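In the two complexes below, chain A is the common chain; its partner is chain B in one and chain C in the other.
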Partner chain A sequence: MNFRAFVYFAAAALAGMSAPAYSEDIHDVDHKIPPGYKPEESRDEKGLWMEIEEYELALNKSALLVRDPEINNYLQSVVCRVAGDYCSDVRVYLVRNPGFNASMTATGMMQVWTGLLVRASSTDELAAVIGHEIAHYTRLHTLERLRKLKSMAARGSIFDLGVAILTGYSTPIGQASAMLNVLAFNREQESEADFLGARLVAEAGYDPHAAYRVWEKIIAEEKAAIDKRPEPGIFSKTHPDAGVRAAELKAWVSDKWGPPDQEETADEALVTVMNNHYLFLMEDMIDTNRFGRTEELLKRHAAMGVNPSLVRYFYGEMFRQRGADGDTELAMAAYRHSIEGGAAPPEAYKNLGYLYLKTDNPASAQESFRDYLARNPDASDRAMIEFYLEEGPQ
Partner chain B sequence: MQHPICKARGNPAGSRLFFTTVLAMLISACAPMNVKQVDRLTTVEEHPRILLMPPDIRYYLLTAGGVPEPNAEWTEAAQTNFTEAVTDYAASIGSDLKLADKTNLSQAEIDYEELHSAVGFTILSNYFGSAPLPSKNGQFDWSLGPGISAIGEDHDADYALYVYYRDYQASGGRIAFAVLAAAAGAATSVGSESGFASLIDLRTGDVVWFNVVSSGSGELRKKEGAAAVVRTLFKDIPTNTAVE
Partner chain C sequence: MKKTAVLLALAAALISACATMSYQSVLPGVNTLGELQVTADAGWNLAPAYATPNATSKSQTWTRDGLLLDRLIIIPAVADGEALFKSRDPAAALPPFRASMLPNEIEEMTESTIVKLFGEGSAVVSTENLRPWGFAEHRGVMFDIAVTVTESPDYRGMVGAFIVGDKLYMILFLAATPYYYDKHIASVEALIKGAAIRVPTVPTA
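Here is the complex of A and B:
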């Protein structure tokens, strides 16, 4: 065993010894703060609020913030329904980022990434993630994590100092063990938020079964991915494993609220929002160049009833950018389908035009380019397209 | 070349302290740490108009285990005292000082504040520090870029003053721990203070003056302390008046 391995082993053993048993039933925890909560006269809490409030001022001006009223109203209405009496304590910001995430702070400032919207199959699933975040807020998780970190770091330092005095060897065992303890605490908070979140969702009249479906879909996406997410090491496991979360939630939700309805029903509110904003929502996802994941989401959107003309356009984009054998033909077919569907963006014509050029069909390319300019007369690449038009069919 | 009054205060734990640590190490070298590119400020008005951007000042309590805890009371006191001290100082050197409202910054203003701290750290490490950029040939030509002129037009200002400062104050527990650790022969950080200020020409974006806040120069949480820091910090700032 080398030194590093020894430190890990000793730290893990120490963390295990001092890990607290759950003080109350983790499935049944309640809110810790009342609606309208303001920070106590405690130094650390006020400091935390100050930092977050400064961050929120900057976030309010961020170019990444989605400011469209329709999509924000939709999100706000889900937040308020799940938050109930806490509705006016939560401020939700929709941020352009294709990753799957939402976050909550001690002050009630909540961020939802657009990547969450493109992954939700139903408003219930969106509500489930929001419920989880609201539970973090009402359980004071951020503040308690800071307090845990402070106390564990102090204990760890003192342990290391003791070892140094007794043995003359300086090791980071105490500090490493403190980190493991803080991470275990973090995972416990996540589980707490999972269960309380599911309860909030059910009480608001959303389907609690959505709580684990979210995780099952993340797992499905991971399976479809070409580049897998690396497994976190023991010093970066801030959250429980997705599979464990899904299984625990499924067992508990089914036990408490009975088995799920047979079929998920179509979700008009979500599909309407998707149809009206699909282009910018998926543009960021396409730009990740993660073709396996993108294709999985497109499949899901088609099944949900998102306008097939829009979904087809992004199939076209995905095939064109992937550029594997046969992808040119698949992309062209997808663009043509999108155009037939009647909701294709002007770029569908342009990109189809480029693929016609590539496949030695200049006459069709000219036609597509003309269609593109007719639909987008102020195109920023107008000069480039006109250059192709002037060259004419060879 | 360690000057006796220079004190380096060890390596604080935690990744967010990284830059502060680098800064503390740079300061501990104690070379002259300011640059003046112009001797006089120019303006179309009677007095040069200087826009003080919200000073990016933060105070933390360094807890026993080395975890920095943001402190609202100290931070707010320091920001207020510093702003007041700069206002007084500006009047005394004949500059027309305008204050940017922290609660009502535009996106560009927020972005430039971030850019200033990024450029400031670059100046610290690539001009004063151990990693000079060979292509610069020792020249000081850092700039935030001419795009900043829109901010000058918005506020009718010729120059912008940016300040970045971080202070980590050891708690009683931290000091006790450091004493024990010292007895065992181990060095432990008991806090640090560090920062820098720049004067930006709002017509070009160029950094026309840059100074490092030296450790132990004053106590921003107190009015008199803030005035002392401001006097030391702006001693060499170019003005439109003859040198005092």
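Here is the complex of A and C:
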């Protein structure tokens, strides 16, 4: 093969490996499997199911699973409403993790992180993410991704071998091109899941405009973050940009269903779940020490109607953690407002007491510490608090 | 002759490098890290730097049964603004120590730091039993810690901490529960409770 022939060969091979594979309008894709689907007799799909089923058994035993019936029933009800006839195919697990994520496997095992709950301003937004995940399931995305990866890796290797034989040089061009192709395929699948998910949400009676609002809020949170998440490089970008997703979904949803007909309204179901489980949900968020993001979420919770007394307690925690000039005073005000609201946890009294100590007000510190112990007589830090009480208001 | 000397120097350097690449014995008795003194009732193994990439250069990590099963981290003289550990991730958001911290804030900083150490989102960390403790003449605190991890045994531990001259001194123990925690906790509690700042000795004439 002469050099020109080699160039043609290389160009054709690379073009074949990286050509987009849109075979239908991405906005109108439909389910690929029927409800009650079981894997085909193909070895790769059976094997994939077996591996995931083993993982699911392990996940069932995880201490990080949230097992509270109220919060799980709420989540399951949203899943079933969006999934419709596929409801019995999907098993949802709520995992204690303050990050924003949900995932779906080929077998219908869905994981939702608690960080998604604290970021949803409405059940519509939660439903939008769940719809996206269900679309991954009914479009067989995991299986197709696996098959794509295997086929592209093989083609990449053959290409690299051909180059090595023809030129005497070993290059990773084929493998790199294969990787880029697989990533492009992943991003295409994400877009498919975005559009089919929005349709599922609308068909279930949820607001399809929530599909892009989720992404707009992720962008707002990233802007508020002090420590930004690094942008994925070209070889690790598995998802489209949040901004692109939001813009494409907004245009399409508005075109298909018209403009949003009402302002966002929080629903009773989500607010009730948040109020009943707010302490552990937000304590995990506080533990991340990401106070810029925490503040953004607190603003959202205040707007959607989460009990202000609880929200203000975590404003106090966030200000104290941030520790900028003036934050001590802001934290003290937040704890006082939380206490006035009537639903403050005992720790609001304790942490206010510590701040009184910091600001040279030991008499008020004593009062707050006594209030804390009165509300939490079995406090595990009683010895520490009693130590300060015994010191007296010096 | 010159060649032999160079080879010998090279061999010595390699042997020295090997020493820092392997575990070293920590003998029972008084051990000192900077100004921080701890007394071990039995031997430990000092982990090499490569095995503890998140540890700062001034801290030491000891273990008896292996780092995955138990670890005692001795962190001396953390200055205002410094974190307890280091991270290669610039977005890790490790909480810094502040010299103005009160006991509850030292406890919270430790909790958040341990979350980062296990991987944000991979572990839920809780602390309890915050209590006062006198480290020789310095007022300090002790508290207990529990870590629930995604795919690993749970851990329990104990922490002792005190501030001297705007610097934090901390001893942090974590062990797989129940066996390894139960196995070592009595020995570790005694070590933590006995921690103190070394008293400078005055030379006598």
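As a convention for this text, the second predicted complex is superposed on the first by the 375 of 394 C-alpha atoms of A that agree within 3 Å, B and C clash if a C-alpha of one lies under 4 Å from a C-alpha of the other, contacts with A are read in each partner's own complex, and residues count from 1 in each chain.
We adopt the following convention: a residue touches a chain if its C-beta (ideal position, glycine included) is under 8 Å from a C-beta of that chain, and two chains touch if they have at least 3 such contacts.
Computed from a predicted model, the values in this text were never measured in an experiment.
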Partner chain in contact with A:P98 - chain B first, chain C second, else both or neither: second
Partner chain in contact with A:R320 - chain B first, chain C second, else both or neither: second
Partner chain(s) touched by A:K256 [first = chain B, second = chain C, both, neither]: neither
Touched partner set for A:K32, first chain B, second chain C, both or neither: neither
Partner chain in contact with A:R290 - chain B first, chain C second, else both or neither: second
Chain B versus chain C as contact partner of A:Y354, first or second or both or neither: second
Partner chain in contact with A:A63 - chain B first, chain C second, else both or neither: both
Which superposed partner A:K228 touches (first chain B, second chain C, both, neither): second
Partner chain in contact with A:W113 - chain B first, chain C second, else both or neither: second
Common ground on chain A, meaning residues reached by chain C in one complex and by chain B in the other: 58, 62-63
Interfacial residue positions of chain A with respect to chain B in the complex: 43-44, 46-51, 57-58, 61-63, 146, 149-158, 161, 164-165, 170, 178
Touch list for chain C against partner chain A, complex: 90-95, 98, 100, 102-105, 108, 111-112, 115-116, 120-122, 124-125, 128-132, 141, 143, 148-151, 154
List of chain A residues in touch with chain C within their complex: 58, 62-64, 96-99, 113, 115, 226-230, 284, 286-290, 320-321, 323, 350-351, 354, 357-358, 380-381, 383-384, 387
In the complex, chain B residues that touch chain A: 13, 58, 60-61, 63-67, 69-73, 75-76, 102-103, 105-107, 110, 173, 177, 180-181, 184-186
